[in-house]
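Per-chain residue numbering starts at 1, and chain names A, B and C are given in the order in which the chains are listed.
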Amino acid sequence: MREKLISLLVLVFLVSLTLSGCGGSSSNGGSGGKTDEKTITFWTPLTGDDGAYMDEMVKAYNATNPKFKVKHVVTSDMYTKIFTVMNSGKGIPDLAIIHADRVPGFVDKDMLEPLTDIMSAQPSINADNYIPQAWNAGTVNGTQYTVPLDIHSNAMYYNKDLLEQYGVSNFLDDNVITFDEMLSLKGKLKKGDYVVNDALISWVILAQIQNLGGDIKDANENPTVNTPEMKQAIEEIKKISDAGLMTPYGEDGYLMFQSGHVLFSTDGTWTSTAHAQVKGLNFGVTNIYSFDPAVFHNRASSHMFAMLKNDARSDEKEKGIADFLEWVRNNSIKWAEAGQIVASKVVFDSPEYQKYIQSFFTSSEAETNSLYIYTYKYYPEVQEALDTYSADMVHGKLDIDKGLKQAQKFVDDKIKEDTSGKSKK
Amino acid sequence: MARTKSISKNSNLSKYLAYTFLIVLCVIWAVPLLFGITTSFRSQTEVVSVGFRMLPVDWVVENYIATLENTSTAPIMQWLFNSIFIATIHATLVVVMVSITAYGYTRLKFKGRDFLFFTLLGISLFPGVVNLIPSYKIIDVLGWVNTPWAMIFPGLAGMGNLFLVRQFMVGIPKELDECAKIDGAGDWTIFYKIILPLVRPVLIVVFLFSFTGSWNDFLWPVIVYTDVERMPVTAGLLLLQDIYGNYRMIGQLMSSAILAIIPTLLLFLFAQKYFIQSMNLNAGIKG
Amino acid sequence: MKKFNLKPAIFIGPHLIFFIVFGLLPSLYGIYASFTQWDLVSDPVWVGLDNYKTILFDKDSTFSYQFYNGLKNTFVFVVASVPFLIIIPLLVAAALENKGVKLKGLFQAILYVPGLISASAAALIWGLIFNAQLGFTSNVFGMDIPWAANQPYAWIIILILTIWGGIGGNLIIYRASISGIDKSLYEAAEIDGANKFQKFINVTLPSIRFPLLYTFVMTTAGCFNVFVQPLMMTRGGPNQSTTVLMMYIRDLAFTSGSSIAGMASAMAVLLGIVILIISIFQYVLMMRNSN
């Protein structure tokens, strides 16, 4: 009898515990299914300090007492999260920031809502008021799907003191450092000093493709990785590594730049704030190195506001989103503090913006035009291939012809598995 | 006479060997740990410029202040509280359930008992990469999205701790059960009065393991939570990466990593004491 | 006795329910996914055995290369790390059993705490230690090795990171099990003239065979699933020589382009089968030895 009683008690205990969990609205907050009707849920992948700046902007917007307040959720692994909720159909955010290279893929999979209603609600949100490449990166087949927040670009930082030390500050005269200029330093550097690092080397290569007049796709929209331009770009960069002028394979070139041993660092506009924290590092920003001072590009991407397809989002709320986006267009100077190139014209034209180091990239038409955003549907796969193979090729660990063949196969195989168009949700 | 002498020489030698081995190992193990701790007191400037030094040239607390101050985007104290809440409840439930279940798989006889156990174990060995999506769907149906229950309950399905406790229970001689049965004890009594005390050290270990396991889970909480304030600390720390997934502010990462292990460290030290006590209690029971 | 015995159901029932809901169902879905092409967003598209055929038999396919290369690297990692992860804690536990040793708690704590630190922080610490410019190995020992750029050094730094954080758990288990060994067994062995080493082999090890089996199986299975250490120390290089299978699987499923979750699932299922076979092998080996 005692046995049965205890068994029953244990069962009741465990069941009630589970049921209390099923209750949903426990003392630790309600279930995630219910979203506040008056709140715009806004997901961003802006981890780190960048998230803090976005937070401040959202706070400032909410302080203007809008009809719909914005709730900013920063998340790492945002895309995994997005796929999860899109698959389940529930808990989809009202607004999200996505990267430019995701746009064609997302549109293909029918994940994005066109912004036509937003643009009619707020007519100033149009192509004229943003950096052209940033705006166009959100246009697919004539329909606008995104509004840009910024362009974040590959940028080359230089160590002012080291340049002076080696007497080559004149390299900066035309704002373009060339391969020849870098190679001229061969044999002239102290042991432990390097001309350039291999940070974001795949982005640098992609810029060189543009410099050489190549592309990553052919006329039929097939990806082309194994091209003469790609080969030339990698070979030229390899020359720099072979000459001992590039930071060694496997070393953290970013840290080496910060420690004052590297003249040039090819990282991104968003790292200027981190570099600024290193006392004694006198740095400036310029374009990614190129072959010819007249032809230079900086591979860039963009953070774009997008609306994921969501039946639960009301028309009223969409108007609220339009209001928020218009506010951002006028007030995103705060975003410049994160080191990013703000996309809104009214902001980057303002005198206040000029004091930020990244205003370099909008300081002239030539500069603005150098910001190159790849809008090709299979760009992510191409970049992944480069990320996988280019470091090994540049540092001589993998034969370039062999590597490019493998990289091409890599992209081709992945694309064959693409199910877009095969099944609709 | 010669026999006793060689025995004591033998034990002295082995004692010194043991000490030497332990000390060398611990020095190797401790150096990086100390380096991590002292790096948390270094500024980024010092991290990148000074070569290896154990002690910082300039001790700075700005990393800790920055980490603790950031209550809007990285509320580490809230995260620690969440983690403690989740991990404690989870670990307690695991200990209760695992001990009862292991008893069932070792002391109760029923058809297919071992086959069932090892089948479940085998299934659990499969890496679950895309399991994320169906798991999320199930959590959604249960209404647990964005709640701590999503962190606490799914882990109860685990086989690791169950396997561990089962292995210990298997090693407990059946004669003890027989004695109790002769005295008229039923299964619950045997479980509670005889088996449970003997596996106490292991259960402490299970508590520790499941607590730290729950604590260190980082991918699942990111998917399941939409509110930054509700996240547990290890998932929260991922938010300190820069937007391309790199940790740039090294000193700050170290300081947040260290703040994140303080609760589990304290739990370990506490458990260690309790654990050593239990082991001494058990020493007399065999035979 | 045709009566349905409720008692086992109550003991193992709750766990079984949790297992079915949170363990079995998602796994079944994962297995189903391996027979499809799936981009995580839309519905999976059934392709039967195509994924498996590509992975196992299509020599030109990138996925086949990834699978075999990843599996090979995973094996290297497992074979290199598991012995250390078992033997070192075993020796430490044996040393700590020695009555003369004081400060047992301190030794244990120092060896356990590294496992509590987040993998990325740990990788950063060791990355700094091996850093050519700022690190311990170059400044203190004067070593000029580019660790992450060449084999076998790339594997060495991954192993060091893994072992540093990985012995704590097994250490605790061994201590718990060794402490429970009947002292009279040791006394009997001493009377037979056994020295410490013989006592260890003939008394200690057989007495803890069940927990030992547990750690052997679980450590091995755990190492098959590792991906953080290689990712953070060497990014899988040089030339993909340290890219373990789990890294490829996760890349395929959670990539920046279209997710190739079906192929990833197929690889995961195959990996699971490998782990299962090895675990069964280990179990049989150990159970046979104990007789």
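Please note the rule applied: a contact is a pair of C-beta atoms (placed from the backbone, for glycine too) under 8 Å apart; a residue touches a chain by one contact, two chains touch by 3 or more.
The model shown is predicted, which means the values in this text are computed figures rather than measured ones.
Peer 1: Could you draw the chains as nodes, link the ones that touch, and say if you get a line, ring, star, complete or other?
Peer 2: Its topology is that of a complete graph.
Peer 1: From the centre of chain B, which other chain's Cα mean sits the farthest off?
Peer 2: Centre of mass proxy via C-alpha means gives A as farthest from chain B.
Peer 1: Between which chains do we find the greatest number of C-beta pairs in contact?
Peer 2: Result of the pairwise contact count: B-C comes out on top.
Peer 1: Averaging only over C-alpha atoms, locate the centres of chain A and chain B and give their separation in whole Å.
Peer 2: 36
Peer 1: In angstrom, rounded to a whole number, how far apart do the mean CA points of chain B and chain C lie?
Peer 2: 15
Peer 1: I need the residues of chain C touching at least two other chains; which ones are they?
Peer 2: 7, 14, 38, 40, 133-134
Peer 1: So which stretches of chain B touch two or more other chains?
Peer 2: Expected reply: 47-48, 97, 100, 133, 153, 187.
Peer 1: Note the residues in chain A that touch 2 or more other chains, in rising order.
Peer 2: Residues 3, 7, 10, 14, 77, 80, 83-84, 87, 255, 259 of chain A each touch two or more of the other chains.
Peer 1: What residues on chain C touch chain B, complex-wise?
Peer 2: Listed in rising order, the residues of chain C that touch chain B are 5, 7-8, 11-12, 14-16, 18-19, 21-27, 29-30, 33, 38, 40, 88, 91-92, 95-96, 98, 100-101, 104-118, 120-122, 124-126, 128-129, 133-136, 138-140, 164, 169, 172-173, 175-177, 179-184, 190, 195-196, 210-211, 213-214, 217-218, 221, 224-225, 246, 249-250, 253, 261, 264-265, 268-269, 271-272, 275-276, 279-280.
Peer 1: Of all residues in chain A, which touch chain C in the complex?
Peer 2: 3, 7, 10-11, 14, 77, 79-80, 83-84, 86-87, 101-102, 105, 109, 111, 192, 248-252, 255-256, 259, 261, 378-381, 383-384, 388, 391-392, 395, 397-398, 406, 409-410, 413-414, 417-420, 422-425
Peer 1: Note which residues of chain B are touching chain C in the complex, please.
Peer 2: Residue list for chain B touching chain C: 7, 10-12, 14-15, 17-19, 21-22, 25-26, 29-33, 35-36, 39, 47-48, 50-52, 97-98, 100-101, 103-105, 108, 110, 113, 116, 120, 122-131, 133-135, 138, 153-154, 156-160, 162-164, 167-168, 170-171, 187, 201-202, 205, 208-209, 212, 216, 218, 234, 237, 247, 250, 253-254, 257, 260-261, 264-265, 268-269, 272-273, 275-276, 279-280, 282-283, 286-287.
Peer 1: Which of the residues in chain A end up touching chain B in this complex?
Peer 2: Within the complex, chain A contacts chain B at residues 2-3, 6-7, 10, 14, 17-18, 21-22, 24, 26, 28-29, 31-33, 41, 43, 45-52, 55, 73-77, 80-81, 83-84, 87-88, 90-91, 93, 152, 254-255, 258-260, 268, 270-271, 274, 277-281.
Peer 1: Mind pulling up the chain B residues that touch chain A in the complex?
Peer 2: My answer: residues 43-45, 47-49, 70, 72-73, 85, 93, 97, 100, 132-133, 136-137, 140, 142-149, 152-153, 186-189, 219, 222-223, 225-228, 230, 235, 238-246, 248-249.
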